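Order of writing sets the chain letters: A, B, C and D. Residues in each chain are counted from 1.
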Amino acid sequence: MTNVKHAGAGGKQPATTAASATPAEVSVSPGHARRAEELAERDLKQVARTLRRNILVSIAAAGSGHPGGSLSAVETLVALYYKVMRHDPSNPRWPERDRFVLSKGHAAPVLYAVLADCGYFPPQELLTLRKLDSRLQGHAHIMTPGVEMSAGSLGQGLSFGIGQALAARIDGRAYRVYVLLGDGECDEGQVWEAAMSAAHYRLDNLVAVVDRNRIQNDRFTSEVMELEPLAEKWRAFGWSVEEVDGHSIRDILLALKQAQGVKGKPSCIIAHTVKGKGVSFMENNPAFHGKAPTREELRQALEELGV
Amino acid sequence: MTNVKHAGAGGKQPATTAASATPAEVSVSPGHARRAEELAERDLKQVARTLRRNILVSIAAAGSGHPGGSLSAVETLVALYYKVMRHDPSNPRWPERDRFVLSKGHAAPVLYAVLADCGYFPPQELLTLRKLDSRLQGHAHIMTPGVEMSAGSLGQGLSFGIGQALAARIDGRAYRVYVLLGDGECDEGQVWEAAMSAAHYRLDNLVAVVDRNRIQNDRFTSEVMELEPLAEKWRAFGWSVEEVDGHSIRDILLALKQAQGVKGKPSCIIAHTVKGKGVSFMENNPAFHGKAPTREELRQALEELGV
Amino acid sequence: MTSTVTKSATREAYGQVLVELGREDPNIVVLGGDLNKSTGTWAFAQQFPERFFDLGAAEQNIMGIAAGLASAGKTVFASTFAVFGTGRPYDQIRLSIAQPGLNVKIVVTHAGIITGEDGMSAQSIEDIALMCALPTFTVVVPADAPETAAAVREAARTQGPWYIRLGRPATPVVHQDGYRFHLGRAEQLKGGSDVTVIACGVMVSAALEAAEVLEGQGVRCRVLNMATLKPTDEEAIIRAAKETGALVTAEEHYIHGGLNSIVCQAVGRLCPVPVEPVALTRYAESGDPSGLLRKYGLTAEDVVAAVRRALSRRG
Amino acid sequence: MTSTVTKSATREAYGQVLVELGREDPNIVVLGGDLNKSTGTWAFAQQFPERFFDLGAAEQNIMGIAAGLASAGKTVFASTFAVFGTGRPYDQIRLSIAQPGLNVKIVVTHAGIITGEDGMSAQSIEDIALMCALPTFTVVVPADAPETAAAVREAARTQGPWYIRLGRPATPVVHQDGYRFHLGRAEQLKGGSDVTVIACGVMVSAALEAAEVLEGQGVRCRVLNMATLKPTDEEAIIRAAKETGALVTAEEHYIHGGLNSIVCQAVGRLCPVPVEPVALTRYAESGDPSGLLRKYGLTAEDVVAAVRRALSRRG
């Protein structure tokens, strides 16, 4: 299905298990460095657990950050980075790479966790998140190897991705562009300007994934600003739309594969997710949109994750 | 159906007919000053002709301006100002007035023509359009009696109208808010931000009319930025939608009446129109979006209008 | 600054006053953009739900709705973070609010680099430039929580568009509770005849700290709190220029279009003297507020150094 | 100014150069917002349809797409009217272009009050303030068509974000064809030792006219064309301050955050002298360009009057 270059040579890297780790340590997926084609679903679930650990550990170490929308997006990024996208951690600017644009820039911790796990930078760097002089900014910024776009102000990523998709067309390159949006982010008019134009230019090398975790900053999306019928909105804006369980890597992969077959229009995947997924007291809890776990909360969370 | 106060006492005003008018003169609708309830469809058509004349005369006198989108909106404004809206030209700030918000501010000439004809200011003032020290600005501005909102930058009127509609709710007032949008204007993300929020707040005292003349500034909307399926977009954003022939006053009135019956959601009327309507060489011609007629073109246009 | 300094968040003061105003004046309406638990508007939302509207992450719409409400006679407070309440809806503020001069109070929080860990995208360092470029706007940058409370009350009392810039973290309190805010008048916090530091916002306390240090070194440093940037108290600036011969400006803002700009324009037109800036010269980054203030040159020591430079250039 | 002055529209020069650049460099991509027949980008659109994209009236999207294209290695020119290319998509310019420092050239037309009859909504009088508040941007206001052509070529050659401000009507030509543009360097158009007028854009020809009038009255007036506002040629400003002792700034822009602001900040930091502004102090209105320039105080006579004030204050 894909030509994943990221794993490079097949050497193993030291695995850190839950048992041996203190809450402040980051993990590396056992076997992540094998060629991704060989990763079975079970392995990917293990990767997802490791990423969740690293998200929480890095945010706790920073003392601030956005766990909820990072945790809800884990499976989407696993599907993309470990199975679908052609990318090369040793050459982040490889011109033929598929692009991942994190439009909801506050979910940087999940992207950093993935990039570190793929080898874009050392996993230990995750512990510098949000600290002075770090390459890991509070909101994703292009200074970080592997980050395509500087984000943080919502609603801007889809336009950026369209620019990259148009460049692919001009240059006759085969790469595809994946943009991750928050659901609350879809309040922003720029998202709809972009949606309209992507359909106008028939960008079938563009996929938008909406992390439909039903919570935005303060409250549930239905309380703040009703988005439904969300799929109909995207359809009316000229997109092919699929809705999936955003925590089923298999479902996401199917939808991504299907999107590759869609011609003449862009594809939107609405990934139904649970905000804070994987940590009982964060799940579906608006309070953990933008709050770091305390040391005790981190301990409990890691225990629940079992990694 | 309505409690039109605008006509005031029933005295007639001097009518200016086509035969007697030079191209530089503005007309006043014969009988416009009668109570609007009494205006038959035939009278309204005559009013529309007069307004078209005054639009063209004022733009020609200015030497610049936007005839196309002014002419396409004539019937919508006639239906609203002469039959539907409660308003009082002698008291433009009457708190109970229905509001008309011209979001596509470049179509100011049609609004000025209507306001003058209704008695908000002397029709002769139309000849000062766009001139230094005039109250009639190139884009509608609240300095003009009867103008609700300063416009000119597209996409802002629906939000403004929502503010007025929310104020009606807070204050327990019965007035309704009508917002006129261009179709090209619907490119703007702010329109969709506003649309989403009007549905969220269930503003059934709000009506958006989209002047679907299929042309924007440079070219046809389908060339610049495809809007279709436009009705589905508004529906997916939670609005009740009607499509009408935007040059049939009867159709527009029916749709406006129907909108009054819609509860719990805002109403959108897509008025299918012809840009430059009424003047053969302006109809469907993008060149006359923002260009004044020459003296000779004006003469020919007035001859065609027969008023 | 000694460790006994009281700290308090300006946005909390705002939230409290808003509730009081809501009680006193049924005409007040508040708009938010899915950041109400952070900006201080949540208490108002709870107590006056029929006069509070959350528009989600859609800031252009917020400003347009604010204008519409104001046109119907409401006194509208619209609040979000500084970045999202200025640059994002700038054209809406300009056209729908500033040009018709409507009665909307844009009160933003999380301004400046002290927003901290969220990084440069969230650190508004250009908002003063933007808002002062709107001819009809009043622009106020309170120094602390008491001044915030007073300025917000003044805004509610006064017709016309206002911009009030608040911060995220608790910052030093320099005024007494019940302090009276004088719109358009610089407040002299400390007398002095050798040099004047003109500051706003969080830099006011840094200026006072610097003045104390300088006093110990025999420099009599005047300190002005220029909370109202617009309309500008040119008289106070010129008096300081004439009486002290050299000025320092201190602001938590990019050097273009902020306090330094305003002060330099006034002296250029009325009384040329050296003006040394303490301001940002580039985008910052993630980090803790005090670390950022140090790295980007916005501490009391930076003010002292600027004063030294100004003194050496004094005529 | 005598009636033999040649006039030419800067936006037409832009359109021509864009086509030449399109021919020379396949990497150039142009974006428009349904105003291509007005901004000069239409010829490029016709000749290079595969490298031209109209995004309609959706300016936020334009800037985001520009950033994405630039991140993929394109040299992007994004054009619309000044109002719609600055304030409307400001947050997008800031986050998507300025903060990562991407290679996007925002070239706007219809800036300033000479836009005329369309009225205040269309008259961009704050765009310089906005764009200079972006630390990574180069900001250029060409004086005429030849300088526009040269500056656009320089922009295409130079990496990084640029803002170039053009006008609607034909305006006086002060440079020869083939004029060489020096980025970041003020151009001395006329020598003089009594006073210096620093101008940009359409005010350069007014400044020259004023200088001629003053010459006849025995005042030797230096004229600088400060086409690059950012990075600022502080050396030229300071030289003028030292050598002529008093400055006048002339700009078709609101007084806050524009040329006056920049010049006053430089002299405040380096060499305090009187600086008299010629600039807008409020929103204007519909009207013909020359009537507006008169009513709002932006004519050669206004420059002469400002020079007289500056001279009377000269040390």
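By definition in this document, contacts are C-beta pairs under 8 Å (C-beta built on N, C-alpha and C of every residue); 3 or more make two chains touch, one makes a residue touch a chain.
Keep in mind that this is a model prediction, so the values were computed, not measured.
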Which chain has its C-alpha centroid farthest away from the centroid of chain B? A
Gap in Å, rounded to a whole number, between the CA centres of chain D and chain A: 42
If you average the Cα atoms of chain C and of chain D to get two centres, how far apart are those centres in Å? 30
Once you find the CA centre of chain A and the CA centre of chain C, what distance in Å lies between them? 36
In chain B, which residues are in touch with two or more of the other chains? 141, 150-153, 155, 187-190, 193, 196-197, 225
Chain C: positions in contact with at least two other chains: 55-56, 58, 60-61, 83-84, 88, 91, 94-95, 99, 120-121
Is the chain-to-chain touch network here best called a line, a ring, a star, complete, or other? complete
For the complex, which residues does chain D have touching chain A? 29, 50-51, 53, 55-56, 58, 60-61, 63-74, 91-92, 94-96, 99-100
Chain D-facing residues of chain C, complex: 83-84, 87-88, 90-91, 94-95, 99, 120-121, 126, 129-130, 132-136, 230, 247, 254-257, 260-265, 267-269, 272-277, 281-283
Listed in rising order, the residues of chain B that touch chain C in the complex are 95, 101, 141-142, 148-153, 155-168, 170-171, 189-190, 193-194, 196-197, 201
Contact residues on chain B for chain A in the complex? 187-193, 196-197, 199-200, 225-227, 229, 232-233, 235-238
Contact footprint of chain B on chain D as seen in their complex: 34-38, 42, 54-58, 60-61, 83-84, 88, 116-122, 285-288, 291-292, 295
